[in-house]
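One chain, chain A, appears in both complexes that follow, with chain B as partner in the first and chain C in the second.
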Partner chain A sequence: MRVLNLICHQRNMNSVKYNREGDLLFTADAGGKIAIWNSNTGELLGSLEGHQGAVPAMCASDDSRFMVTGSGDFSLKTWSLENGECFQTIESGLPADMVMSNDSQYVAISIQPVMAYKSSIQIFKYDKNTGLLSDEPIQQILKSSEDEANGLMGFARIGFSFQDKYLFATTDDGHLLRYDFEAVLKGDFTKRENIRIHKGVIRDIQFSQDKTYLITASRDRFSKLIDVETLKVMKSYENMHPLNTAAITPLKNYVLIAGGQNAKDVTTTDSKHGGFEIKLLHKIFNQELSAFKGHFGPVNNIAVSPQGTSFTSGGEDGTVRVWFFEPSYFNYEDGL
Partner chain B sequence: MSVQADTESKEIVRRQITEKENGIKEIVTYSIDLKTQKKHKTVQEVKPLVFVRRTSPTIEARHANWKKYGKNALETTLEKSCLLDDVNFLIGKEYTDSLKLEEANKKAVSKGPVKKCATCGGDHMNFNCPYRKQIKNQEKLQQQQLMANSETKHIAKDGSEIPTYELYSTKKTFLTPKLKERMDKNKELIESGKEPLSTLEFEKLEEDKKTLFISNLSETVTEEDIRRELFPLNGFDRSKIERINLSRDRKTGKFRGMAYVVVTDKDVADACVQKMNGVGFMYTIINVETLATKFRGNR
Partner chain C sequence: MTDIDINNYDFSDYKDISLDNLVIDTSSIDEELANKYNYKPIDDSFDFFNDMDSFIIINGLPVAPIAKLNALSKVVNKIFSSCGEIISLNIPTSESSTKGFAFVQYKDSLMAKKAIKLLNGKNLDNSHQFKVNSLNDLEEFGCEEFNSTFVEPKVKKPISTDILDKWLLDGREQFLMSIDDDSQLVWNQRSDVPKLICDNNQWVEAAPPRFTSNGSYLISLHKDHAKSWGGAKMELINDFHHKNVIKYDISNTNKFLVTFSSTPINESYGMFDKSNYGHSVAIWDLQTGALLKTFPLPALSNEVQKPLTWPFVKWSTDDSYCCRAGPDAVAVYNTKENFKLNDLIKIPNLQDFEFSPKKIVLNKNRNIDTDLLIYWTPDIQNQNCKVTMMEYPKKNILRSVNMMQAINMSFYWQNNADYLAIKIDKFANKAKTKLCSNIEVINFAENNFPVTKLELKERVLTISWEPSSDRFVTAAIDENLYSLDDTLPPKVVQFFNTINNGGKSWVLAYQTGRTHVNKLSWSPLGRILTVNTCCIDKKQKNSELIFYDLDYPGQSNIITKLLNIEKAEKLVLSKDRRARSRAAEDVNLSGTQVDRKGSVFNNGNNLRLRELKSYTNFSFTDVCWDSTGRFFTAFCSVAKYSTGHGYAVFGLNGLPIRREEQMGFKWFAWRPRPQSTLTTQELKKIKKNLNEYAKKFKDLDSRIDDLNYARLQQEREDLLNEWNAYRNEVIKIVGEEYVFDMDPYVDSLEKAEYSGDVVISTKDVVLDDEDFENSIK
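Up next is the complex of A and B:
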């Protein structure tokens, strides 16, 4: 199995994403570095400089010309990927996650409750020809008075379902919220479903390629596969250690999950004992098929390439690895 | 860096490239070292690796003309990515089998230090051995039988056994140097037809007869005084003294007026007693006697 080690980051990884075609790879870390790679050769094409804080969230446009990033210095920036120029800066809160809608018209950003900012989801209008965001959010979802009374915690991860029908959001106490996006655009936030599926923080949600179901990864050691329309838990995968991230592979019926012990506990345990390997599970039979060993710390992010031929993992130790699948991966017969 | 340094000081004269089977290329380079003017011939075998990537040319062309930007991309010419060693990828049954193998290996390792009984050789500690008493009794019986059978057994006048090499060949005890010395003496005596010595006799013979016990010494006397003045003044050479031990108070370390002096011979010791007993030395009259006579007097 061919493995590429990408050397650029020194701090822990915050975000790893592919563009739509899967030829470019974007990585962002807690030191404020954003790097753009050729995902096949591992060549460093460029790095975006200008943020003074950690970069927890970013997203690239579908045509791979522009990029939106949010940082711990309380600003959003838009970039041209061709020459690395920043052409817009907006004051904002500290983002937790950032998603662009499927029709490239809106950018949704979840804001963490830090300093004067309240936990919210802000929706910006996005111009796909110029790459500019609207100066102010067109809609802002705040927690309702009922939520405050019930003690619902802040928004964390967000995502769009197929045709931008629903906007999904997770909270820090394991709730999954589903908003009707059309109603949200009109200012109506009451059309929503709320289920509690995890006992711990949900660290990641990722959608299948057709965006009809999603996978969650939580610190309570479970990863769950959820149908978008019915909100039913279709499968739940248990792990030995807390999970940070999970992904659904295209082409084959597999699921990748990864995580590990907390960074503060790592020094007291053996690297074998910490559960830092990435696990490959069968999506339907819930059977452990393989494991990828190589990271020395907990794995923060996984992104599977849209072609399904490789995946990238970013670790707490600042390493980024690109794993290229072998023929035995594609030829494995599961009996279906 | 070493590779670069080599190429700088070398001038390549000629290079041959021949293709072999399986896509392996053989590169032969002839070069001259500029410093030492030596001729070098290096042979390298190279196998190029080919990775096929299937991407659409239009997508690749989109960022083919991009120039590199940003500090990290520009600052060094070093490659920012490296190919790691091949990871052995196992899937499905192969993977579960490998896990089982690993666990089996772990169990084999984690057994810890191997227990082995010294008496019976079983898988337990020495003191837990069930056969321990039986085996020990058997050994004792065997020894007794051997002792009874042996004809060369010597018993002293006071009834104690007399050590000889034959006796100790069956016992499993450590032979101290003193014991060896005694056994050597006994061997000589037996060979010459005399009776061997008992333990007390041996000790007296060896040590006590040649040690002098000097008492009623002045408190200011030191070891050097005995060596340089007491013995030479009475007509004995200082080289005849083997060692001197002054007895001191345990708590204060003060000299108690007694000294043990070991001389080379029994005859010298007797002469010393004759000459030095009752002699004045450093304002006192000293008593000199051998330890053998002193103990005999006590009994």
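Up next is the complex of A and C:
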């Protein structure tokens, strides 16, 4: 297996994403550094300089011309990927996640309840020709009074389903919320489904390529595959260690899950016992196929290339690895 | 219980007895003493009824005429005052004679107890026997409500061995595993998922459950009970109610169960009554559940004696005797005679003692064999430290060996009792800062029991004999190797082999490099040894497992056949690459050789040693071999280590067979098989026709494999169909053009190719293809 070890970041990784074509790779760390790579060669193409705090949220436009990032320095920035310049800065809360709608009309950002800011999901209008965000959010989803009474915790990861029909959000106590996005745009936040699918915080949700089902990764050691329309739990994958991230591979019926022990516990155990391997599971048979070893700390992010030929992982140890699948991966039959 | 029904007591036999015949010296009893008993004012504050314990009633006295009352009371007083100060003595009389019984009040109840214990059943003369009881007993048993007819105690019928041992008809092994609170008994199916036989959430409570050595029963320990389980579905068979039981032990032939409670018995419950008060150790019949005997915990005689080590009760080879240590003595009980005290062997300053595991043959020609009791006494009061071997029950001292300046001593028997290794720890230097060990090996297989003495510079921690063989290995600390970097002192494993030098003697054949080994375990078949470094929370984080073959390449026998099965089921456990290079480093004694296959092995002192496999990449806290020696298990228990819980099963050849990671994994135990009852001729016949049997089982195995494969295929097909059905549903809802596995836009792009030239600011790590192949099952 060919592995690229991308060396640039010194701090723990916050976010790893591909662009739509899969030729560019964006990585962001807790120090505010954002790097852009050629995902096939590992060549460092450039970096976006400007953020002073961690960058947990970022998304590139479908045409790979612009990028929106949100940082722990309480700002959102929009960038031109052609020259790496920042052309817009908006003051905001501390973002947890950011996602662009499939039609490139809106950007949704979940805000963490830090300092004066309340936990919310802000919807910005996005201009795909200029790459500019609206100065103010056009809608802001706050927790309802009922949610407050029920003690629902803050919004974390968010995502759009197919045709931007639904806006999904996770909370820090294992709930998965589904908003009707059309209603949200009209300011109606009551069309909402709420299911508790995990006992622990959900660290990641990622969608299939057609966005008809999604995968969650939770610290309760489980990863679940959920149909967006029925919200039915299709599959449940158990791991020995808490999970940070999970991804669905295109091309093959596999999923990748990764995580590991809490960073603070790592010092008490040997790295080989921390569960820092990335596991390749069969999506349908729920069977472990392989484990990729390499990270010395918990794995924070996984992104699969849109072609399904490689994937990238970002670790708590600040390393980014691009893993290219071997022919044996593509030739491996399901055994039927 | 003594008969105390005084109304029906027949005294007529004693009428003619003259007290003059009694030879008792009454001169020392003066009149003053006699007067003292005539009147005693009752103190108001004296709580009469609460102190009934200090009264005793004596039955069995002669019926004497009134005239001889004084003489009788003198005699009784004389005898019973030996147990303490008597406050009052009352001999009831009829018109002409005494009635044959007497009441005595002692100063306190302890004296009364002593009198009951010492004088009950003692003979006054040929025809008179004292029957001494507490007055309390009279109230309890003498009242009308007390049913004096004998009721047969309910004793459970032992369950027939047919039911208990039916599982042996299957060729497969069984094992027990506990995950969280749930325990399962399963069939071992090699690499397949084990097949569940039964599960139970009660087996793991206070301690891990344990099988008896013949595999018939499973013993579990609970807060106030020990329980035995057995039969096809492992149902509860017996419940041994013993409050606060903390330890248990099973006798050699699995007849008896010994339980030990942290608090002595102080109330009547279950099978315990007053006679068991103050006792902490109980012996039970394992088959019927009946209580057989209880002991108090012996007091330690002096400061020299080591603290008692479990098991407190030790059993002779065939369980006909059991013994326990007392202060400066060993008490031996005969199990066949209702646990009657057989012998009290006085041994001043006794430290530790043991029975031989098998009978020792004293004379081969005449087939004389005996149990051997072996014990040691320390260096004290101008006496040398001494190991003594005593024949039992004859109590002849067979041999005693003096040891100089020994601090501590341990016995290690070979399983057939052919050899005994005695480990003697002593100071290595005058400053008494370092320890070293001597090993004395006593050869019971030869006449006169020759002794081989081995003086080592290392401190030996443990000795392990190869089963049914004459080789042993030791784990030792070389204190000269100790460096400041080490949190735990590094150890070495030493292999000892025999040489024939006008008689058998032992020499060091091979020594490994530094390890942190903490467990040595031999395959029950012998020849294969695993050297284990188990994880210990907060102390030992890196585990290591090494398989050694001590007879490389070996004769053509069953073990060699098992070793050559190279059918390794591919597992995530990968081979340790360092193994080979380290093996070369290890060989620090002469005799390293490399054979044609490139395997490094050592040929020092006739020991052809080879490292078969070694693993360092998973954690384990315990290891065990199955009783047939075909499977080895290393498992990591949640009770002992924080991560990596689960188990791994290996073949005899060290190849992994099954690995399962399981959160909350607690315990693993193979179910032992009893010893074969086949005769040597029958065994020979089986060996001769082994191929036929092998074929039969191979067929069975392949049939099961086929079946499992078909089942797996079916399961997968069902899952796939279910998934496809779901996708079709999605297509109906979303529309066909919007459902895809890969973005059509991305798919339409030209596939990016890796050029390999323009690598900037990256480090290219290329892993072997083999690694990926290995990692994909």
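As a convention for this text, the second predicted complex is superposed on the first by the 335 of 336 C-alpha atoms of A that agree within 3 Å, B and C clash if a C-alpha of one lies under 4 Å from a C-alpha of the other, contacts with A are read in each partner's own complex, and residues count from 1 in each chain.
Just so it is clear, contacts are C-beta pairs under 8 Å (C-beta built on N, C-alpha and C of every residue); 3 or more make two chains touch, one makes a residue touch a chain.
This one's a predicted model, so the numbers in the text were calculated from it and none came from an experiment.
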item: Clash or fit (per the criteria above) of chain B with chain C on chain A; value: clash
item: Residues of chain A touched, compared between chain B and chain C (which is higher); value: C
item: Contacts of A:P250 with chain B and chain C, given as first, second, both or neither; value: second
item: Partner chain in contact with A:L24 - chain B first, chain C second, else both or neither; value: first
item: Partner chain(s) touched by A:R2 [first = chain B, second = chain C, both, neither]; value: both
item: First, second, both or neither for A:E229, with chain B first and chain C second; value: second
item: Partner chain(s) touched by A:F87 [first = chain B, second = chain C, both, neither]; value: neither
item: Touched partner set for A:Y117, first chain B, second chain C, both or neither; value: neither
item: Which of chain B and chain C A:F296 touches, first, second, both or neither; value: neither
item: First (chain B), second (chain C), both or neither touched by A:E43; value: both
item: Common interface residues of chain A - those touching chain B in one complex and chain C in the other; value: 1-8, 21, 23, 38, 40-44, 288-292, 294, 326, 328-329, 332
item: Chain A - residues contacting chain B, complex; value: 1-8, 21, 23-24, 33, 35, 37-38, 40-49, 64, 81-84, 280, 288-294, 321, 323, 325-326, 328-329, 332
item: Footprint of chain A on chain C - complex, ascending; value: 541-542, 572, 617, 619, 642-645, 661, 663, 713, 716-717, 719-720, 723, 726, 730, 733-734, 738-743, 745-747, 749, 751-756, 758-767, 769, 771-773, 775-777
item: Contacting residues of chain A [partner chain C, same complex]; value: 1-8, 20-23, 38, 40-44, 162-163, 208-210, 212-213, 221, 227, 229, 234, 240, 250-251, 253, 261, 268-270, 272-275, 284-286, 288-292, 294, 306-309, 324, 326, 328-329, 332, 334-336
item: Complex contact set, residues of chain B against chain A; value: 51, 53, 55-56, 59-60, 62-63, 66-73, 80-92, 95-96
